[in-house]
Every structure is written in C-alpha cells, then in structure tokens.
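The next part holds the structures, each set out as structure tokens.
What follows is a pair of complexes built around subunit A, which joins subunit B in one and subunit C in the other.
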Partner chain A sequence: MRRLLQVVAALVAAFVLAPIVVVVVASFSDGAVPQFPPRTWSLRWYAHAIGEAAFTDAAWNSAWLAVIATLLATPLALAAAFAIVRGRFPGRQALQAFLLAPLFVPAIVISLAILVAMARLGVRDVGLRLVGAHVLVTFPYLVRTIIASLTRFDLGLEEAARTLGAHPLRGFLLVTLPLIRPGVIAGMLFALIVSFDNVSVSLFLTSARTNTLPLAILNYVEYNFDPSVAAISTMLVAVSLAAALLIERAVGLRRVVGG
Partner chain B sequence: MAEVTLTGLTKHYGAARVVDAVSLSIASGEFITLLGPSGCGKTTTLRMIAGLAAPDAGRISLAGADVTGLPAHRRNIGMVFQSHALFPHMSVAENVAFGLRMRGLARGPRAERAQAALERVHLGAFGARLPAQLSGGQQQRVALARALVFDPHVLLLDEPFGALDRKLRELMQDELRDLTRRIGITAVFVTHDQEEAMILSDRVAVMNAGRIEQIDTPEAIFERPATRFVADFMGFGNIFDGHAANGTITAGGLCLRAAPPGPADGAVQVALRAERIALAAADTAGAENAAPGRITAATYHGTLTTYRMAPDNGGPELLVREASAGGTRFAPGARVVASWPAQAVRVLTG
Partner chain C sequence: MLSRPATFAMLAPVLLVLILLLVLPVGYLISFSVLARGTGPQTLGAFTMANYGRLFGDTYYLALFGRTLWLSALTTAIAALAGTCFAWFMWQSGRRWRGPLTILILSPLLISIVVTSYGWVVLLGRNGAINTALEALGLISAPLRLIHNDFGIVVGLVHVVIPFMVLCVLAALERIEAVLGEAAMTLGAQPWRVLWHVILPLAMPGVAAGTTIVFCLSLSAYVTPAVLGGSGPNFVTTMIYDLFITQYDWPFGAAVAAVLLATALAIVILYQRLLARLGAEA
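== the complex of A and B ==
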C-alpha cells in the first residue's frame, strides 16, 4: 500500500514537473527554436532575453507592482484579519467569506469587474489601476495566512502586556506582531508571487506603454518562437522557487516559535 | 486604609449575571482569596479589578482613586495568569523588565531592577534564557517577578498554580506567602482549592453564583461556615435539615447538640464535620452526641480513610473521615458507634 502511494506520488510529481523540465532544458538551446533536448547547448538566449527591453522594462514593472501592491495590501489585510478573528459583531463569517471571495471567483470575472469599476471611478493612470487591482488580488492570500496566525495567538499575552502598562497599540506592536510575523511574512511572499504571476487582471488594465512581464511574454510568443521565452520562464521559475523556499522557512520558523 | 474597594460590582454575560453586586474592601498589605467553584464569578471579579473586563454596574477604587473607567494599562496593577502568559519571543530578563519599559525607565536601571526582581524569586542566573527553556514552576516565578517589579498597587493572581503538580504547588504557595508578606503587598488571589486559600490568605471570600457568601479569616470560614454552601465547600461532609426544639436539634433520627447552640426552636440546617466523628467498636461512654449503626462503605485514600455509616434509628447516613492508622479499621457491615463533640456541630444561618 505504502509502495503504491509512493509510486502514485512520483507519477503525479512527474506529470506536474515534466513541462517545466522541458522548458528549462530547452532554454539552453543554441538554435533559433527551442529544442528538447538541445543539439547544442548555449546561454545565448538568456543574454538575448536580458537584452530585450520589452522584457526588462516589463520585469521592472512587475517587480515594482508586486512590491507596492503587497506593501499596501498587508496593513489592510492585518486590519481585516483582526476584525474577523477578534471582532464580536454579527456577520463575521459572511465578511470572511466575502473577503476571501477573490480566491473563488473566476479571475476573468474579477478582471472585468475591476476594469468596469476603474472606468466608472475615472482612474485613467495605468499604474494606479494596476496597483489597485493587484492589491485586490493579493489581499485574500494575506488575509488567509494572517487569520491562521491570529487564531493560534494566545490572547492572554496581549492582556498580560496591558496589565504591565502597555497601551493596546503598543502591546500589539511589541507582542502580537512579532509573534504572528512568520504568518505575515508567508502571506507577503504569497502576495508577491500572485501579483508577479498575474495575467488575467493585468491583461485588462495594461497599456501599450506599460506592461507586466507575464504579458510581455505573451505578446512576444505571438510573433516569435525563439528560446528566449524559455530562458525568461526559467528565470521566473527560479524566482518563484526561491520565494517558496522562503515561505517554507517562515512557516517552519513559526513552528519553532509556537513549540 | 483600604487599598482596593469594590462597591456593588456587577457583570452580565448575555442574560447570565456572573458577578452580582459584589462589595469588598481590602486593606493595604492584606492577602485576600476569592474562593469558589468554576463559574462562581471569582475570575470575572479579578478581571474587573485588573481592567480586563468592564463592570455593568458598581465602582472599583485602587489606593483611594476611582479607577472604574480607567483602562488596564493605566491602573498600575500586577497580574499573574494561570497560563503564566510570558512573552515567548523575549528573554526572561526582557519579560521582567517589560513593565518598567512601559513606564519609560531607561535601559540601565531597567535591567538592574529586573535582575533584582529575578533574584527575589531565586532566578538571578536565568535572565538570558527564553521562557520556553524554563520549567513550569520557574515560568510562574518569572511571571511573579514581572508582575511585582514596578511596585504595583495590588497583585492579582488568577489560579497561578493550577497547572503545577501538587508538590511544586505547595512549594510555590510557601514562596508566594513569604514573598508577599516580606514586601507587604496587597494581593487578590483566585482559586477553587480551599486548602490553597487556607494556606495563603489573611481573609477568604467564598463566592457562589456571583455573590460573596461569606468573608472571614481562613479559620473562621473553615470552623464556622455561615451557609450551607460554605459548609459544603469547606468539606463538612454531613449537612442535614433539622428541627430545633428546646435547644436540641433532631435531623432524621439523629439527635444533635450544637455548641454554640443556635436557635431554640424552628427549622434549622446543621453541618457536622466528617473528620471530627469518632468511630468505636463498642459503646462510647460519656459522649455528648452518639449514634450506634452499621458501616455501609469504607474507602482507603492513603492519608485518610472514609466510612459511610447508617445509624440504627434510621437517621441520615453519616460520612466519617479519619486518619488512616495502618489500614482500614472497619469493613462494610461492621457494627460501630459514632460519636462527636458538640463543637463539631455547626448550626447554619443561610
């Protein structure tokens, strides 16, 4: 039975990872089209990709967007998670479901809704539109991880801080925040990845001059099929993997602190 | 001067009135215990003194100032929780210094005073450790040092030793009593353990259903309970509804003489201390109160052995507790005579 499970797990992993492996290996092709396996190996398409302004500009846009959206969404998510975990008001469950809704509603519906809302609000600046939309998309991931941390947090610690003379806000900063920090950091890394990878929302809101990396790749492959796209993709995979490892460390740290 | 004064303190949770018009005056340097079963309102009362729960009615004053509307962080109280509530991400020294830090003390004097407080609880060498690296008893001593370091008006303790094993609990009780007497702090202690209350307190307030049933010295509470609830909680073991006529009380078939005697006539409740009943195999001459009967159950507890005895005249069963002397003396079915002094019989007023 155990053996069978291991085989199934290995097959699933292979099925999920195989396409990525193909892309990663093909990114080292020397020829004008991606080959698997490459007949001759080369890093020249990496150089080409990094030299392509459409990619680098878009990558910077994506990075800034992810960072700003995450930094804006985090305090909002903290406040929302606090209200949900600590609040004693009717409709708490409903509010939680509502705040997490972007996780379950099809991305295309959200994208369209944001587009309509932005038009209605008269937000014309592409940067503003993107930041607003990405805050919304990353927010539920943050809320979810922060709720998980707060639920486990011992309220007695905050009470102890208050009896020792700490204003509730100070108690929060000195006691609560340091103890839920691993959860918050994990949520922030999730948010960074979600924002950086996002296609559907950005698709509706970007302009010809302001693009994000996933869209730049999409545009590029419409007219080109050289291995530079594979090279870019490989770099994206590497960044995502690094973030995932950081999350694992943050969550692992939480176990240490909680133990 | 009264250090802590509660006046008509009342608190509801939903429709339930968990604290019901509690009034209490605690003298400076006094150690008071709120004693009662879970749900009697003792912890809620303590939390209202701390400012962690807001009363629906009534007033609280600390050191002569009304603090009813004051938030917890401005009351200058020290509190020790059952879960010790040490900050897990701070060292022991940082934990102890926290209250001083909140009061704006500079780092140097802060560390000095924290160290002195740690030494007072015999943990001078543990300042650099994290709370998780200490044992349960050590953690609770750190919590005590943390609550005392800034010289609070009053020390509040919410079942602080509930999670400790019996031996450690006794040790901590001794330490707490010595420490609070030595520094002369006013303390309010919450527990459901009557023995703990006896050991620690100058006065004990027995609480039931949100009210203080009786407040007095441990000895008075234990020896002279006023109400049926207090007598029961103090482990009298035998409480009967009886009838007084010409100074003699009859309960079922039992004839009880009490000292002091209580009312001459009418319905009364009497309590008879289980460990003051003597069992003998033969008639005991000259006993004020005696009843022959038959043992129905015997239970060996170690230090004590308890017996149930059914009197021959059909009166209520008696619970008898006696120090075990080499094992169980009587088996179920054995014929015995139970006798007790009049001082073991207590007429209850409520």
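== the complex of A and C ==
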C-alpha cells in the first residue's frame, strides 16, 4: 500500500510540474513555435521578449502596481490584525471572516464592481482603478499572515514594555514589530507575487495603453504563438520560485497561504 | 489588551477601504441587475425583475450554470482524491522533505495562471508535446483534441485548485497523533483497515473543508475556461465577460454576476459552518 501511495504522489507531482517544466524547456526553442523538447536550442526568444515593448512596459506597470498595492495594504493589515488579536469586542470571528471576504468574492465580480463604481465616480485613471483592486486582493493574505504571527507571539514581552513605562505605540514599534517582522516580510513578499501574477481582478480595469504583464501575455497569445511568451514565463517562474524559497525560509509558505 | 476606542481606531481604515472598494461597488454592480437596458449605449432603464426572469426562464442560461456546476464538481472530486493522497504522502514523509514538497505542491499558486495555462497549451495543444510524441510512436494517426474542450477546462482547474486541497487535508492530518495508526497496527489491524477506520475519519474535516473551498474557486475561475475551454461562453465567468464586453448588456450581465456571487458566498458560509461543527467535534 505504501508503494501505491508513492506512485499516486509521484503522478500528482508530475501533473503539477508538467506545464511549468514544459514552458521552461520550450523557452529555449530556436524555431518559430515552442517545442518540447526543442529540436535546436537558442536564447533568441529571450532577446525577442525583452525587446518587445508590449511586455516590458506591462512588466514595469505590474511591478509598480505590486509594490504600491503591497505598501498600501501592509499598514492596513497590520492595524487590522493587531485589533483582531489584541482587542476584545463582540463579533470578532465575523469581522475576521469579513476581512478575508475579497478571497471569496469571485475576482471577475470584484473587477466589474470596481469598474462600474469608479466610472460612476468619474475616475478614469487606470492606475487608480488597478491599485484599488490590487489592495483588495493582497490585503487578506497579509492579514492572515500577520494574525498568525501575532497569535504565536508572547504577549508578556509587550506588557513588560508597558510596565516599564513605554507608551503602547512605542512598545509596538520597538518590541512587537521587530518580533513579527519575519511574518510581515513573508506576507509582503507573497502579496507582491499575488498582485504581480493576478489576471482576473485586472480584467476589466486596464486600457489599451496601460496593461499589466499577465494580461499582456494573454492578449499576445491570442494572436501569436512564438516562444517569446515561454521566455517571459520562464523569467516569471524564476522570480516566483525565488520569492517562494525566501518565504519558506522566513516563516514557512503554509502559514502565509493558509489552509 | 487594547481599549475599545483604540481597537476601533485601528479597524476603521480597513473597514472603510473594504466598504468603499468592495461592499459599495459590488452593491452598485448588483443594482444594475434590477434595471432594464436603456435605449442608448450604456444607459439604463426602469426597475424590472426581467433580467432574473430571463436567467431562470431560459434553458440556455440554466444549462450554462449547470455545466459550470458540473465541471466544478468533477474538478473538486478529482482534486479531493489526488490531493488527499498527496497530503497523506507529505504527512508520512520526513521533515527534510516537507519544504521542497510544500513548494512543489504550491507552485500552481505561486506561478501566474497565465504561465501554467500557456504550458498546458504547449503540452496538450494540437501540435503540442503529447500529440507529437504519440504520433511519432505511431499510436495515433490524427492529433487528439485535448484542449479547447471540457477536458482542457478540468485539467487546468484541477491544477489550479490542488494546492488548496492538499493544504486543507494536511492541516487536518497534522492534528492526528501518529501513534494512533501504529497502535491500531500493533493491535493487529491490516494497513488498509487502519486507513479506512482510523486515518480517513480523522482526515475528513480537512477533506470537507478542502472540497468546499475548491468548489468555490473552480466556480469563479475565469482564465482557465477562457484559455483552455471551447469557443464561445463555456463557463459562467466567460459568459459574464461576454455580456459586459461584447454585448454591452450590463443589466443582464450584472444579474448573472449576482447569481454567481450568491452561489459562491452560500458555499463559503457552508464551509464556515462545516469548519465550526467539525472543530467542535474534534
């Protein structure tokens, strides 16, 4: 039976890795279409991808968007997590569920809702719309990680600081924050990935001139099938894996993702 | 402990953001669903329930909802089976393997869905790796149709949701004392009896939680059916996109979105109830 379990686990692992490995290997194709395995190998599609303005512009947009959304969502999440863990008030459970709501509302509904609401308010700025949507989808992961970090943390230290005469805010900044820092940084890294990779929530919010990288890739593959998308994808895989390793070493991936 | 005013002050900004960016916009979007389509482009008419009447009265739309629920259920069943096995394997494997296995099983979640969908196209497409290999081996004469149909949707969806299933089951398994299984075996139980009578019942809360969350995620997926599914609206989400972008029928699109949202939220509430009840029993 042990054998059987190993076989099934190996099959699941192969299934999970298959599309990723195929993209990475095919990105080194020399031909006009991605091949697995490539008949002749080349790096030329990397050069092509980096030279393609549709990708580079969108990559910059996505990077900025991820950084701004994460920087805005982090203080919000810190305050909320702190209030949930340290505060005592009726309806804490319900509130915690409400804070995670953006995870459960279908992303396509969030995207549409922000589109129509911002149109109503006369907001035509693509950047503003995207930042709003991305703060919403990154925020739950940050709250979850920070709540987990605060729950594991020894309350006595914070109280000691207060007993010794430190102002609560001072105690927070000098004692609590440094102790939960690995959790906060891991949450921020994950938020960066979530924002950078997200497609559905941006779906209705970009414009012909301002696009995000995942949507630019989606648009590109509608009309082209050359391996430059595989090259871009491989670079994305590398970045994601690097971030995953960092998070795993800092606090463990599972605590960030939840479950 | 924080004082009440301090707690409120810390929660206020978040609540404001959630209300302004989520609650009010979603409410506003749904309010379109009870309005008639206006005479001009992007104008709206008077109050009506006709959009919901059309949605629930037309077998075309009902069938599309039915398809979406069916494909999501199929995805969930496959993910539950495969995910439980993998979680069990992870649970039994040593500490050293935990990190690499975690990154492996979470990779669909860490890597953009655009990348993995493209990977499936390269692998399963008409001229993809699998068809090329099968043809070279002489096993098939014409390429198999592996994507741009329901098979493609289910393959893509299982890939997207499997991390959540594994995480849920693993969390449940980790609450089990490993000695339980050993105790049962020492008392003479066969390994499969240990699995059936000891391990599975204890893992059930995790499987139940994983099943609900995975079903909810499948239902709301957009990219997978858009890239790997057949042409035309093939899923509720792709229909919503079509109604808003191609047909400019915002009121009806909003009605479909409202029903999708209600379904997703009903499942999540069920999930919370389930978690609470199973937590109380454990």
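Quick note on the criterion: the second predicted complex is superposed on the first by the 247 of 259 C-alpha atoms of A that agree within 3 Å, B and C clash if a C-alpha of one lies under 4 Å from a C-alpha of the other, contacts with A are read in each partner's own complex, and residues count from 1 in each chain.
The rule we apply is simple: contacts are C-beta pairs under 8 Å (C-beta built on N, C-alpha and C of every residue); 3 or more make two chains touch, one makes a residue touch a chain.
The structure presented is a predicted model; accordingly, all values stated were derived computationally and were not measured.
Following the overlay on subunit A, a side-by-side fit with no clash is recorded for the pair subunit B and subunit C.
Of the two partner chains, subunit B is the only one touched by A:R170; subunit C is not.
In the superposed pair of complexes, A:G122 makes contact with neither subunit B nor subunit C. Legend: residue contacts after superposition of the two complexes on their common chain; A:L157 is shown touching subunit B, with no touch to subunit C. The partner that reaches more residues of subunit A, of the two candidates subunit B and subunit C, is C. In the superposition on chain A, A:V105 contacts subunit C only, with no contact to subunit B. Rounded to the nearest 10, the superposed model shows the Cα centres of subunit B and subunit C diverging by 100 degrees about the centre of subunit A. Contacts of A:P90 after superposition on the shared chain: neither subunit B nor subunit C is touched.
Between subunit B and subunit C, the minimal CA-CA distance in the chain A superposition rounds to 9 Å.
Subunit A uses residues 168, 257, 259 to touch subunit B in one structure and subunit C in the other. Of all residues in subunit A, those touching subunit B in their complex are 154, 156-157, 159-168, 170-171, 174-175, 178-179, 257, 259.
Residues 1-2, 5-6, 8-9, 11-13, 15-20, 22-23, 26, 33-36, 76-77, 79-80, 82-83, 86-89, 95, 97-99, 101-102, 104-110, 112-114, 116-118, 120, 132-133, 135-136, 139, 168, 193, 196-197, 199-200, 203-204, 214, 217-218, 221, 229-230, 233, 236-237, 240-241, 243-245, 248, 252-254, 257-259 of subunit A are the ones that touch subunit C when the two sit in their complex.
By the touch criterion given at the top, residues 50-52, 71-79, 81, 83, 85-89, 98-99, 102-103, 132, 146-147, 150, 156 of subunit B touch subunit A in their complex. Residue ranges on subunit C touching subunit A, taken from their complex, read 1-2, 4, 6-8, 10-11, 13-14, 17-18, 21-22, 24-26, 28-29, 32, 82-83, 85-86, 88-90, 92, 99, 102-123, 127-129, 158-159, 162-164, 167-168, 170-171, 191-192, 195, 216, 219-220, 222-223, 227, 237, 240-241, 244-245, 250, 253-254, 257, 260-261, 264-265, 268, 272.
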